[in-house]
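Encoded as structure tokens, the structure appears first; notes follow it.
Note that the chains take the letters A, B and C in the order they are written out, and that residue 1 is the start of every chain.
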């Protein structure tokens, strides 16, 4: 199997008159962590949603696991069973317990057997230290705990690619750390991830590649060392100045 | 351009104590104010009931204990139907109607929100159905069903009891309202929930069933309850077909004995039915709201 | 010959004497009524709802034989005639009699009335008399059965058979009470808001029979229940009297009632009330009597 998990080639996405992605091209390899940085409205979220077909693109191609997502034979639901997504606002299901939240996808979407999924879900929760909260409802958990459950909910699907959309931006600063620690742990274990983030230090530590978007244009990309110490474009430099 | 320093920062020390009048309205003193106000209002009501020139007649007409009792138990010899047996008709009518309305309303809403191309003609039909039955007054529907179906002479459909025709009319009309309530509830589920569910690879139907509907139903419990209380009261409309239920029995008592105390009795029992329901739902609502707000959107 | 003449004289004399004593009794009564009436003519001025007028209320629509053509002011129909006769007794001219419409259901509710009295076939009951004031009787009532000609009840109406039919009636009427109190059918009677609805139910075959006072029943059967000029219904029979009577409805404690009662007493005494009954209701009372 090819090493390239996700490939975008000149992807264009419009919302009405507004062009949000202007010809994005990038590659993501297995076990690689790529961080997307850029101001709000630069197209980071849209890019992620195109990758798991929550949005359809207007031009260009996206290839996932070597198969073109533009092919009419593609089953979007099937795609999403292999690509996990975690959101800024957690989006845990409030009417289900923590454990049921984690089990819903594997049991109902992947049609796996209940008891087996339960085992795995509980061990995942144990891994993030929340096994004893398994039967509680999300409203009883702190923001950081909810977000970690949301990440675990995606992991329970055994995804080949994990998409994370500014998952710490809505958190209290004191809770950001526990989430980033989990993501760092996942990166160390070789999870393939595409992460949109404002946390520059995290990106420096964990990313193999950093991609900077400005108003839908991929301005610059490179290793964290290249991007943070020696950005080539003025736009990149201005942005990094502001977030420092 | 700089700001005038006096405008932004005054040298004077601000006075922080509330005025005497506002102190009377707040905290423990506020209790005094509220007690006085309640007593005054009560006093006015009692004064009107007892001191008004028509007070005695009013009290005899609506609050005569003997009449209340006779209207409650009935007196067939005088043509007076018992309110207590009439109430049973109301109760079975609204219980049956509510169950039917829940299922039919949900089915209508689901059909309307579906994406399947096969269901397109049904989507159009559902829209027409909700328009029609929210547009025609319930009383007219009762007449059309209650006089129309029997005159068709169409087998057993034309030989049902009057209360059954009432249930049919109520179900037809209220399903339309409830379908719209469900639809609004479905649309009110935060978009993030749908995104999360679809991101897990759940199909549209599965998302609807496992994520959207459970949340939508919790959201719509208050407006549903409103509709059901309405429905409960509207069971009285079947009286226009000649069926005897609680309000009808009270009316019969009124015109037989020229006394309206039965109406008060019937009202009290309707309240006894609805108030526990509303309090219980308040509690459900509060619990669900807490859960929803905690998971942001 | 002489004995015959003597006998004749005796008979004549006796009858004269009896006649004299009778009429003197009647005259005595008539005298006191006349005095009372004269007094009333002056007192009613203060008691009238609208001074100088006698305001009479009735329902809408109203039917033969109580009124004619739904026009109370034409003085035709038993109740219209009685109202004008009472007015005449009290010295109120015909043009000063004013008619207002008052649905039955609001005629007895508490609060000031827009009329002096309401005439609408309202039966006296002790319970009702607690809420309003009734005049003395202006008509003694018997109930009757009206049904479609094709219904079994026309031929089969023994007391036992009467219990098996589906009856229907207007809410709060003595007809309904008669069904429940005297006929006691096995199936509960259906109750309708208006008489029109009960009649419609009869036409549609939803009920077998309506129980209603004889004159109204006769009118219904002979003119009201028709399809394409074909009479569909018939008045099966009337029941024996159970002491029911109609009274005029006054607001509770209305002083005008006593004067109206005086007027009614005068009309009964001089036979004018009976004459009105004969004129407007006579042809309707030759209906066979059946037992409940």
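Note that in this section a contact is a pair of C-beta atoms (placed from the backbone, for glycine too) under 8 Å apart; a residue touches a chain by one contact, two chains touch by 3 or more.
These numbers come from a predicted model, not from an experiment.
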{"item": "Chain labels contacting chain A and also chain B", "value": "none"}
{"item": "Centroid-based (C-alpha) most distant chain relative to chain A", "value": "C"}
{"item": "Centre distance in Å when chain B and chain C are each reduced to the mean of their C-alpha atoms", "value": "46"}
{"item": "Centre distance in Å when chain A and chain C are each reduced to the mean of their C-alpha atoms", "value": "90"}
{"item": "Contacting residues of chain A [partner chain B, same complex]", "value": "52, 54, 77-85, 87, 89-95, 104-105, 108-110, 137-141, 146, 150, 153-154, 157, 170"}
{"item": "Chain C to chain B touching residues, read off their complex", "value": "104-105, 108-111, 125, 127-128, 130-132, 168, 171-174, 176-181, 188, 190-193, 197-198, 200-201, 204, 206, 252"}
{"item": "Chain B residues within the chain A interface of the complex", "value": "190, 192-193, 195-203, 206, 210-211, 214-215, 218, 290-297"}
{"item": "Of chain B, residues touching chain C in the complex", "value": "54, 57-58, 60-61, 76-79, 81, 147, 150-151, 162, 239-240, 242-244, 248, 251-252, 254-260"}
